[in-house]
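One structure below.
Order of writing sets the labels: A, B, C and D. Residues in every chain begin at 1.
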Amino acid sequence: MSLAEDVTRNRVRIGTLLVLSLLVGSAVLALRFDVSPDELLVTVRRIFTYGFITRSLEMATPIALAAIGGLYAEKSGVFNIGLEGFMIFGAFSAAATMYFLGGTSPSQGHVWVAVLAATIVTALLTVVFAVLLIRYKADQIVAGLAVWFLGLGFAPFTAAVIWGSRSSPGLESVATVAFGQSPFVLLTVLVVLASWVFLYRTQYGYWVQAAGENPEALDTAGIDVNRVRYATVIFSGAMAGLGGAVLLAHAGNFVGTGETMVDGRGWIGIVAYLFGNYNPIGAAAAALLFGALDMLNVQFQTVGIEASARLVNLLPYAAVIVVLSAWGKTRMPSSVGEPYESEE
Amino acid sequence: MTRDSTPPAVHLEGITKRFGDVVANDDVDLTVSQGSIHALLGENGSGKTTLMSVLYGLYDQNEGTIHVDGKPRTFESPKDAMEAGVGMIHQHFQLVKPMTVLQNVVLGHEPTENGLVDEAAAREEIEAICSRYDFDVDRHLDSPVEELDLGIQQRVEIVKSLYRGAEVLILDEPTAVLTPQEVESLIDVMTDLRDDGRSLIFITHKLDEALSVADEITVLRDGEAVGTVPADEATEQDLARMMVGREVVFDRLSRETSTGDSVLEVEELRMRSDRGRESVHGVDLTVREGEILGIAGVQGNGQSELVEGITGLRSVEDGAVRLRGTEITGMSRRDRIEAGIAYIPEDRQTEGLVQDYTLVRNALLGNQTVEPYADDGILDWSAVRRHAEEIIEEFDVQPPNPDTDAASLSGGNQQKFIVGREIGHDPEVMIASHPTRGVDIGSIEFIHNRLIELRDEGLAIVVVSSKLEEIRKLADRIAVMYEGEFIDIVDPEAVTEEEIGLLMAGQSLEETSDGETDRGVQA
Amino acid sequence: MLEASVLERIGIAIASTALALLIGLVIVAAAGHNPARFAYQLIVGSFGSGRAVARTLRYSVLFVLAGVAVAIAFRAGVFNIGVQGQFVVGGFTTVVTIVSLAPYLPEGTIGGVVLVVVGTVAAIVAGGLYAAFPGVLKAYGDANEIITTIMLNFIAIGFVGWLVAGRFGDPEATATRTERLPDNVGFPSILFDDPNLSIVGIVVTLAVVALVAAIMTRTRFGYDMVTSGHQERAATYSGVDAKRMIVSTMTFSGMVAGLAGAIFAIMIQGYFTDPSGIGNYGFDAIAVSLLAANNPVGVIPAGLLFGGLESAGSHVQINSDVPVQLIDGIVGLVVLFVAVPELFRMLAQRTGLGGDAE
Amino acid sequence: MGDDGESAGTNVAIISSPAGFDDNAFNDNAVEGLEEASNDFDLEYTTIEETEEAQYESTQADAAESGYDLIICVGDNHTDPLATNVEQYPDQNWMLINNMIDGADNVSGWIEMNNEMSFLAGVVAGVMTDEEFAHEDSETNPDESIVGFVGGEDIPLIRAFEQSYVEGVEWVNDDAEVLTGYGGSFSDTGAANDVAESQIDDGADIVWHAASAAGAGAFSAAQDNGRFALGVDVDQSVTEEQYQDVILGSAVKALNEATYQVSEAVVEDDFESVVGEQNLSIEDGSIDFVVGQAFEGELPDSVEQTLADAKEAFENDEIELTCGPTSC
């Protein structure tokens, strides 16, 4: 499968979703305002701004990172439903690192160190998770849910111990680089491309795919299936942690109240890679799409289109359902969820 | 002890392998000479696969030694075995379905350049192997494996082993899933490989195959090696005796045909396959009380779809199915079961049994609406249990414990259980698809005898099989299916196996004068 | 063998909880609180008094019902992650139905009983339909139900929230909520003097468990359903219409979830609020069901465990300074350990306890 | 504490609103008063976070059973459950923030005029968007009159904030445009940030938020884009210190004073003095606008002047707001 082919395959789904949202958007516009085409054009310009694109990218970044991680784990046969939890741990560890390095006024350097540290910490936590899943054959759905509960519990708990509040004081957000873009957006683009190449063009990628589809075949080819799975699961946790850390680096402080600042992005990450049919580029495109839909909603509000924000917020979800039912066929690797034990 | 200068390719000595209390291999010796084909025969559960798994490094033997090429070896994993030049082609292919042929072949041994898989190098090497043995695999290098026929998938497996440098190739029941044509070309491949100096171990249940292709034959029984004989000195009778420990009769069973009313009629049936192609083009058939209609044909000529059309598992495009004169074309599967269509499915593992149900629970499968097991949707488990016990007893299912899981039964025993259950429906008509595929000789005989008995009691039976010998033995009439039509109906007494084989290959027996070839024959 | 595995299940549940609590206590100590006191509070908070017991049972009723809903689907191999949404839709429907019918019925007990019954039936129907939808999408549109049900959770919460804040909001109320249920609607307070727990809720819950268990094991429908879950092709072979079975399963599961919503609305809340503020019963139910190995009867102790922890959480909040997030964390640990029976088998073998477990 | 009864002093419990504590605003402001009281008197307090509205009735009852001298319920959502519990526990002293219970003689009900507070924020925003003003990296755009409002969850309470804010802006400048949006969450700073950025993109130079803890996202949007923001409930240039260079000021309500006052009354055994409806309003000085730490003495005089006019207009009942303190 070539890159071009790949994009073509996903184009149908993504194109549909885009067209769908544009249609809904224009319908809302047309219904709400009985306006001349000129005014409509002005409104459209106010909606599709450069900032809209930037924010969509920024919104998509943590989701795409988590999605890439989850995709690798699942491709290799392990459903990491704990992405949300790992994102929470990532965001929290980044905040804590930044705070310990630079107090309430950390430097840009501290931001980068914090992101790195958070990725490592989350990866280490995932090692435990991976051992439970692979060595001790934990039920993947339950254990993943548990990670979410653990994130929701222990991140705010530790925050309260450190800061006396579940939310951190204000720290520092990452400075933008070229074109007002966050460096993490660019980093994510690289990660997405690299993970595509890795998955489809390197031997390790072959092994990952085989581990999820037919672990026995991989085993008899002399490759240790569980080693592959350890690698992908730990990678998935690290990526989710990175996603959480990036979220924090964009926001500049940790919020641990309610569903925490991660607020469902990990779940959307899972949906994104399923939607992208387990393809890194598809997953990133889906993440971008969700980000764009979300931001479109914000733009609507800003230009004063009086659709209930609450209802418009539901649009991406509805769109996912429509597209999935119309095109179905998200093909799950066939051994997902089954622990692999090589004979003896 | 041979004092040959070349050591044997494989020499196993005193191999014992236990699974808990089960002794799968008991002090087995096996010697395979260089450049030979060595057949391994034995009933289901006699320990063939286990022995080969030990050789391939999948299992650690409890006792015994392995010598490959004269050198003692211990294999921790298949990787070690492969390094020593031992390759194995499993009964269930070890292929990653959505990956391409090329990716499958190189999996685990990918040539790389700059960290990326070097596809061009891989392609070149595979093409070299293919041209050496005249394989057509290289035509499909970029297709996902799942899109290929089983025969090609198997050759992909062979190429995979060769690519990894296998000098000794183990083939576990390679012919079980193949059409006669494919079997033939596999045998060509095997002899080519042997002539090229490689050694092959060939597991099969088919005595004729073993006799025709192998140089030597070893027979296992209950985990022990009963003996090894040169193929050109053995007969089918000898081998069968060694396998089961008693005489086995191969003659056609006598038949006093007295057919009654027509039970099942199919008229102008048209069906589509999963891929959307029309795969049954207007088939007509009639089955009467007290007869067995055999449907022969190379797999993939529409038999499966035809059977599914009759049993209600696939919807019909056009045409009619009638049971005792009543049209049932639009009836659901469940209604057809209730109307008396019993079905021994093609795939006992995934269709005929729920693997992790006990036999008791499996005895209900298909009987969910049948009294006394169910009454108004409420189940009577004690009645079901009695039913399971009856089946186990009457069909000699081993182990005779209704609370064991279906998964832990051997193939033959699973099949016997299914046959027993389907007969228990007291059906109007029995459709049996490949009723003895992969089943050991003892069980085959048993199942055949039961089918004949039922026929004699007046049941109408359809047997679909690609085993000619089975069809000839059972059928009162043989309909040969070719490309979605019945190419001919023949009397089993009047034709030879070779003639049926020709029909299956699409050649009519007498080059008929009118040259009418596009019209099917009515069975 | 079956019994052994039931015992083992129970042993694992107990061991997981104990280990999770132990870790929790270590953390409490590390954070500078008194672990012995914390442990004492947990026990007192879940079963230590009439109030605590009532509170535990109140939570448990919801966990058990929602857990049964999950178990039904999982048993049949359909992953209904949408119990939360079905719960919300069910509860909301109950309130709307009762509030809009109340003016046409007499005010006394009889009218109340009729309203309760009609409202509950409405919830069951609504929950069933809301679950049938992703079932249909899966069966006939090939849409992965894990995704569609997660999406439908968001949609249920958002949409019902919108309705509660707008069209169905109580103009008299300052908070975001529907009108209150009329005074004659509610469950009688017998046995427990907790305003939000009634013996009726408990009896209904037990009856549902018994009914579902009976359907699963003793009826053709249950057999068909479970068979579909184990091996779809075998089910089809045996005459089950696989597509229709998916829809039936989802509907059945959603009906129970809807019923849970009705009990929540009638017994606990008495009106309906913005569903984003309702607890995550539907999500926790997944853990409850899996803890019970998707066995409807096993859901009772599993639900009690979760109910007890939740209840202890409330108590700890009020009576100690330990941040309550710790309880959430401990629940997470329980769930995590429950997922790893193998770990405990290993431990058991090492320590020589029940070493024959296999 | 209830269990141990170790303390001879006064015990107070405070139950959160659904947004929970640690919001650096509403809930924390109420706690702050207790913190002060605990420093001044022999008083201890326990925070009880309850974010599930369905549990309020039972949580309140559990607290009442635990023998506190005073239970403070933060937020309007407590009203209905409390109406039941004041009868169940007639001897318990209750304080309700955001509403009152008719006819109950054991409840101190505090109605805070959020609408007035929002109006004041609107007034300042309306004035500042027309002024030419710069501070550090930020500046206004006097050529356009556009301001922003960032809500948390889209619920009637916050809708009421929005409407009153809009009315405040329009009171100053009828032609001003108010861009409004909701992030959909009280904890998702990212979402609030996106809404604010979008508004700033579209021309807003002053944004105000009513998004609880998520509101920090609005501040960082102002900071990153060289604009200004306004705080809510408390002086957020103190609680969100790193944004003090863009927080012109905050519309505040003296909730801390209210909780302090009621606690004091309980300590002094004088609860009767605070029973019944109490108000936090502009009129009695407990709702106000405070200038940000970094902007003291720097804001144009027009701000102070217009604020004074607005307060006076309130005192003279010249301003009629569409929305009440908690909904429209």
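What we mean here is this: a contact is a pair of C-beta atoms (placed from the backbone, for glycine too) under 8 Å apart; a residue touches a chain by one contact, two chains touch by 3 or more.
Chains and their UniProt names: A, C = ABC transporter permease; B = ABC transporter.
Only a predicted model underlies this, so the values are computations on that prediction, with no experimental measurement involved.
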Chains adjacent to subunit B (ABC transporter) and to subunit D under the stated definition are A, C
By C-beta contact count, B-C versus C-D, the higher one is C-D
Separation of the C-alpha centres, subunit C (ABC transporter permease) versus subunit D, in whole Å, is 36
Between the Cα centroids of subunit A (ABC transporter permease) and subunit B (ABC transporter) the separation in whole angstrom comes to 46
When centres are defined as mean Cα positions, the distance from subunit A (ABC transporter permease) to subunit D in whole Å is 34
Flagged in subunit C (ABC transporter permease) as touching 2+ other chains are 165
Residue ranges of subunit A (ABC transporter permease) touching at least 2 other chains are 160, 166, 256, 308, 310, 313
Multi-partner residues in subunit D (2 or more other chains touched) are 51, 154
Per the touch criterion, the pairs are A-B, A-C, A-D, B-C, C-D
So, in the complex, the side of subunit C (ABC transporter permease) touching subunit B (ABC transporter) is made of residues 1, 218-221, 223-224, 227, 230-231, 233-234, 236-241
The residues of subunit A (ABC transporter permease) that touch subunit D in their complex are 46, 49, 51-52, 55, 58-59, 104-105, 160, 165-167, 169-171, 173, 247, 250-253, 255-261, 263, 294-295, 298-299, 301-304, 308-310, 313
Within the complex, subunit B (ABC transporter) is touched by subunit A (ABC transporter permease) residues 197, 201-203, 206-207, 209-210, 213-214, 216-223, 331, 334, 342-344
Residue set of subunit C (ABC transporter permease) touching subunit D in the complex reads 41, 44, 51, 55, 58, 165, 169, 173-177, 180, 194-196, 264, 268-269, 271, 273-274, 276-279, 314-315, 317-319, 321, 324
Contacts from subunit C (ABC transporter permease) onto subunit A (ABC transporter permease) in the complex sit at residues 27, 31, 137, 141-144, 146-148, 150-152, 154-155, 158-159, 161-162, 165-166, 283, 286-287, 290-291, 323, 325-333, 335-336, 338-340, 342-343, 346
